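Report on one structure; see the data block that follows.
Chain naming follows the written order as A, B, C and D, and within any one chain the residues start at number 1.
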Amino acid sequence: MSYVELNNIGKSFDRVEVLKKINLSIKKDEFCVLIGPSGCGKSTLLRIIAGLESPSSGSLSLNNKDVTELRPRDRNIAMVFQNYALYPHLTVRGNMEFGLKLDKTPKAKINDLVNEAAAILKLEPYLTRYPKQLSGGQRQRVAMGRAIVRNPSLFLFDEPLSNLDAKLRTKMRTEIKSLHFRLKSTTVYVTHDQIEAMTMADKIVVMNEGEIIQVGTPLELFDNPKNLFVASFLGSPEINLFEGTVKKSSDGYFLKLDGTSDLNLPQDLNFNEDQKIIVGIRPQSLKVSSKSTKLKSVVNIIENTGTSTFIFSTVGSSNVCSEVDRNLNFKVGDDIFLSAEPNKMLIFNPETGERLINEI
Amino acid sequence: MFIKNIVSKVLVGSVLLGQAGIVYADNIKVSGWHQLFDFSKPAILMAEKKYEAKNAGTDLIMVDTAFGQALQQATVSTIAGNPSDVIQLVAGWVPAMAEIGGLRALDNLFTQEEINSIPKTSRDALTWEGELVAVPWNPGPILMHYNRNLMKEAGLDPDSPPATWPELKEAIMAICKLPERNGGSVYGIALRTSQNPNSAQWSIPIVYGHGGDIQVDNVPAVNNESVSDALNWIAEIVNSNCSPVGFGFAETRTLFAQERAGFIFEGPWGRGLVKNMSDGKLTVEPKGDVWVAQMPAAPDGTVKTIGNPIVATVSSKSKNPELAVDFLRTVLFDKEITDEFFTSSGLLPSSSMDILGSGLVGADAYAQLFVDALPFTYDTPIKSSKFNMILGELAIGMQEVISGANSNDVLTKVDEKIKSKLKR
Amino acid sequence: MYSLKQNKLLLLGLCLPATLIVAIFIIFPIANGVYMSFTDASPLRPTSKFVGFENYRYLFADDVYWQVLGNTIFIIGFATILAMLISVCLALLLNNTIRFSGLYRSLIFQTWVVPWIVIAILWGWIFNTDYGLVNGTLAQYGLIESQIDWLFNGKYAQWAIILCFAWRSIPFLMVIMLAALQGVPGEVLDAAEVDGAKYWQKTFKVTLPLIQNISLAAALMQAVRMFQEMTLPFVLTEGGPMNATMVLSMYSYNLAFDSWDFALAATVGSLWLVMLVLFGAIYLKTVVREM
Amino acid sequence: MKFSFSKLVRGYIIPYGLQASALASTAILISPIVWMVSTSLKKESEVFDRPPVWIPSEISFDSYFRIMNSFVANILYNSILVALLAAIIATVIGAMTAYALSRFAIPGKSTIMLFFLSSLAFPIPLLMMSMYILLMKMGLLDTLLSMIIGHTVITLPITVWLMKNFIDQIPKEIEEAAYVEGASFLRIIFFIVFPLSMPALTASALFVFVTSWNELFFGLSFISSPDLRTVPVGISQSFLQEFKTDWTGMMSLAVIVTIPIGIIFVFLQKSFLRGMIAGSVKG
């Protein structure tokens, strides 16, 4: 049996069902990220794991023990909140000690634990300060320190980085990850930022409208999304979608787009003629050349982030994005030609959004 | 001293919080405000000691009550069923207490001799439905005090104070013309005209002076010629700026003590007040700065005044009325105590003519003028439990007349109002 | 919020003391008071009987009641208006970057803590006919010839009380309005300035409308507290002369604890309650809806 | 250098004009208090001088020594005791209720708050009559407790109102964090929520204290023993009843009874206003 086990967890608020029969298991030492758009129920699920909410149905076990009815303090968990929820009237040390004192841990041990955590998080110089005297990143670390000192059996993070600026967010992301590596603690982490999920998670759980859509490692999800939702939720810039009708020509199957352009489809698959499909191609897989292909496009915008260059161009009435070599010299208004390896194409049913072919 | 007091108070704080509930079943409780004043304390303590020596085993407990709260407190404790045995009141409040059955008839508790030593007018005033329910402790006839210096300055003879109301008015008008003094104008007389029952009470002697009364057969009747005349008399003086307007007892007394008013109506406490408030600058002696005279006579030659005596009553709920009355006997008829009381307070210490006519009191010219007035002093000018309401309405009427309203109209209205309120 | 919501025992524990106090000492007295207004209740009587609308008939026929009602509205109305005008000006003034404005604010606010009983004594002294500061100063500059009986003339006495009430309300209203002014976003004023508004236009078209609701609510709160305040007339003028400064609270207090006419006092109180409900309904319908 | 009228106006006239009007209005508003202190420091002989003298020619503390007797000590002690206890009781009970109203799903919450708000305007004499009867039956008349109860009752609504608006602004996550860390509800309320609500607690406690310090009529009707009088009752029942209008003494007494809350406010004014404004501006 897994370390954390959710069985048929359901939750309703005033007859509104926010979680529908959630089943999930998390292994020991795993870093599990719950991701989904806002309102998908991921925070509620985390609060149920924490014990801040009780589920309307189903059960929850932690380390082989049913904890559904237990209060948070009896679950031995630690939680980091979005706005840190530091106690403004206590010093950094006071904040970190609070839970230990409640557990009646001996004074000497409290000191050791706090000092140790402060060392790990480089908080030593700030122990006597109050939260309002700290910067955002420092507060974030205090919130984590407060969780660490208690050596919990489960760490819970509720969008902990969303209040930080972009640069700090990247930094803290790494810190949390390395901390996890060091402490080997089982973690459930809620975010709506797919980059966080991709970079940090051992296992990503994609949720939407109260249901788990797909569970898997970051690369599994990236490469083999179960449906359109997962495919477009992960990856940045977003996956390009081409919607059209399958036609057959002498060269084999191709996709007739609404303009004059066409797109060659993988030839090893069986399509029905006139079938409507959506083809998803990630920007990284959408090749650009000046060499003529069936998919002609006009450069709209060229974005250079320094590390990579993106070309946004127009195909028919829709915009597509492709990542290119920075040395390629295109200008706005240039005609370009797009192509993709057939095995990099993800094909979806436009009505249900499901992947049509799971394995290519 | 101040700090020490606070500290000791803090220490007994918890006791204070729960102080009220203590009940001494067999003891005699005396509630009143005498004990509050330093000047009467020595006599009260002496009385307490003497009483306890006489009635061995009885504990006399003095319960302090603020003057302003005495009636309310007596009323409430009577309703609640735990009043003090002896209750100090002023005469005007006696009907209110008697009406709720709070007072014990005293006729059979005192000896006939003791009762007879009290002037008849006082006894009549304190008789309710045929029974004597209170005895005057400190009789308080209201007499005319006058400033001899101001009279002299105004060209009047200080040795022959006005004897009739027209004469008084002339004297007032004369003094009124004197130049400013002590930073303010000089008034002829300091009349009380504030919106307070007390102001109306103090104008009753003026009604007497105009030959009438404010009640007929113990029923208030303010709508008559003499009340109207009295109010007009007051209004005329006030409107000629010869009496301040809207002053209550404290302000009028200050004015008189500052030698800025020629006349004031006060009881036997007047001497002490004048001395205290002028910081001893003014003397109250026959040939001194201030002296006292009987009220001016009415047109028919009679002299009548009101009294504001402090009286003592025994609660109808007292378990031991004999012991309670014995306390009264001690303070009223024990010469040693009455002398001490008179020396320390200057108040008339008893209602017994025997005591008032001899000894220290008998030798005091000031006190004797008040003793002389006792036979024509009316302690409860209105015998009604709604004494304050009636006088309160009259006080407002008085203010209206002063501000120019027609006295007959005003009195008609006041009379109606009193009648309608008496029905409630 | 978490399982707190289900913790009935805690909820009960938290609410019990207040519930008991409110039930015993607010709701019961109010209900009992309304009931008493239909009886001839008095602590002087062992029992009371039901008299229907007799007390109301009596009260409506009593011109003093109407006079007192008029006085109360006049005094509190003018005091509130006066206090509002002065506090708006003061708040606008001190909201400028003036040196020592913090000190001025503190000094003015200190007057708010002066106990009512002290105010009564103090203003009695200030308005004293002979030696008072007001008459003294007026006479010093030759503004009056003879002394004015501030507290013994009906009209003057009302205005003296109005002045006292206003003086006492200004500090509180001022700090609330200052706080409201400081809450007006600077960008809005900058935008107005860019649009070419002059100082007065900014003040009247932007600033004041923005703090209007808070100011009105604060003024209403002050008015309501003044409605209950009776120390001042009680000590300063005893409601006189000729009931000119008798306000509703003191009138009903006197009826209850001086005349011991609980029934009539309860009638006055019940009518007061009715006014309160009407006023509250109008307030909710008009002001709150606009918010 | 070119003379510019508008520069003169903007640079000198407006700033100095504003400064002058601020100074003048402050002076006028606090003049009664200055006059009170001034009178209290005068010699008896100078009190009646005309035109009015603002600064005594000779500072004299005579009147202070004259009135500092056990009577004044007693009324101060009683007032402090009553005001302090009322402030503590009303604030703690009010805060507890406010917490419940802020965090629990209580049906009719807005009606309850409206009731509390409107009860501020309830006719106090109407409340007092039934309270009087109740206290009489409980045997509590003429105890300091009766006044404490009275003052708690009339101020409880405002403490609830102030505290609720304040607690609403404290993020729930802080409590959740403590809850996850194993704190009990009572500990959360008393060790997390209340310390965080300090400005509001200060404001309510001070409000109750000032109200109690000011309150005359409960004391007047419920108390008859002179020993138990509070400041306003003591002054109105004894001092004003004394035979003398001793203005220097009166003003000294006025200064003395104003000092305790004056001092408290000098130190706590900021906190008081913060709590008051946070609590009332929103509501």
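Methods note: a contact is a pair of C-beta atoms (placed from the backbone, for glycine too) under 8 Å apart; a residue touches a chain by one contact, two chains touch by 3 or more.
Predicted model only: the values in this text are computed from it and were never measured.
Student: Could you tell me the least number of steps, going only between chains that touch, from subunit B to subunit D?
Tutor: The fewest touching-chain steps linking subunit B to subunit D number 1.
Student: Skim through the chains and flag the pair connected by the most C-beta pairs in contact.
Tutor: Going pair by pair, the biggest contact count turns up for C-D.
Student: Of the chains shown, whose Cα centre falls closest to the middle of all protein Cα atoms?
Tutor: Smallest centre-to-centre distance to the global C-alpha mean: chain D.
Student: Would you mind checking which chain's C-alpha centre is most distant from the centre of subunit C?
Tutor: Relative to subunit C, the chain whose C-alpha centre sits farthest away is A.
Student: Could you please state the distance in Å, as a whole number, between where the Cα atoms of subunit C are centred and where those of subunit D are centred?
Tutor: Taking the mean C-alpha position of each chain, the two centres sit 15 Å apart.
Student: Taking each chain's centre as its mean C-alpha position, how far apart are subunit A and subunit C in Å?
Tutor: One centre to the other, that is 59 Å.
Student: CA centre of subunit B versus CA centre of subunit C: separation in Å?
Tutor: Measuring from centre to centre gives 38 Å for this pair.
Student: Where the CA atoms of subunit A average out and where those of subunit D average out, how many Å apart are those spots?
Tutor: From the centre of subunit A to the centre of subunit D is 55 Å.
Student: For subunit B, give me the residues that contact two or more of the other chains.
Tutor: Correct list: 72, 76, 79, 183-184.
Student: In subunit A, which residues are in touch with two or more of the other chains?
Tutor: Where subunit A meets two or more other chains at a single residue, that happens at 51-52, 71-72.
Student: Among the residues of subunit C, which ones contact at least 2 other chains?
Tutor: As it turns out, subunit C has residues touching two or more other chains at 2, 43, 130-131, 257.
Student: Over in the complex, which subunit D residues touch subunit A? Could you list them?
Tutor: Residues 171, 173-174, 176-183, 187, 192, 195-196, 198.
Student: Show which residues of subunit D lie in contact with subunit C when the two form their complex.
Tutor: 15, 18-19, 21-23, 25-26, 29-30, 32-33, 35-36, 39, 47-48, 50-52, 93-94, 96-97, 99-100, 103-106, 118-134, 136, 149, 152-153, 156, 160, 172, 175-176, 179, 185-186, 189, 210, 213-214, 216-217, 220-221, 231-232, 235-236, 240, 247, 250-251, 253-254, 257-258, 261-262, 264-266, 269, 273, 276-277, 280-281, 283
Student: Spell out the part of subunit D that touches subunit B in their complex, as residue ranges.
Tutor: Those residues of subunit D that touch subunit B are 44, 48-50, 68-70, 72-74, 76-78, 81, 136, 139-145, 220-221, 224-229, 237-238, 240-245.
Student: What residues of subunit C sit close enough to touch subunit D in their complex?
Tutor: 1-2, 4-5, 7, 10-11, 13-15, 17-18, 21-22, 24-26, 28-30, 32-33, 36, 43, 89-90, 93-94, 96, 98-101, 104, 106-111, 113-118, 121-123, 125-126, 130-131, 133, 136-137, 139-140, 167, 170-171, 175-176, 179-180, 183, 214, 217-218, 221, 224-225, 227-228, 230-231, 234-235, 248-249, 252-253, 255-257, 262, 265-266, 268-270, 272-273, 276, 280
Student: Mind pulling up the subunit B residues that touch subunit C in the complex?
Tutor: Checking each residue of subunit B against subunit C gives 72, 75-76, 79, 99-100, 183-185, 193-196, 244-248, 386, 388-389, 396, 399-400, 403, 420, 424.
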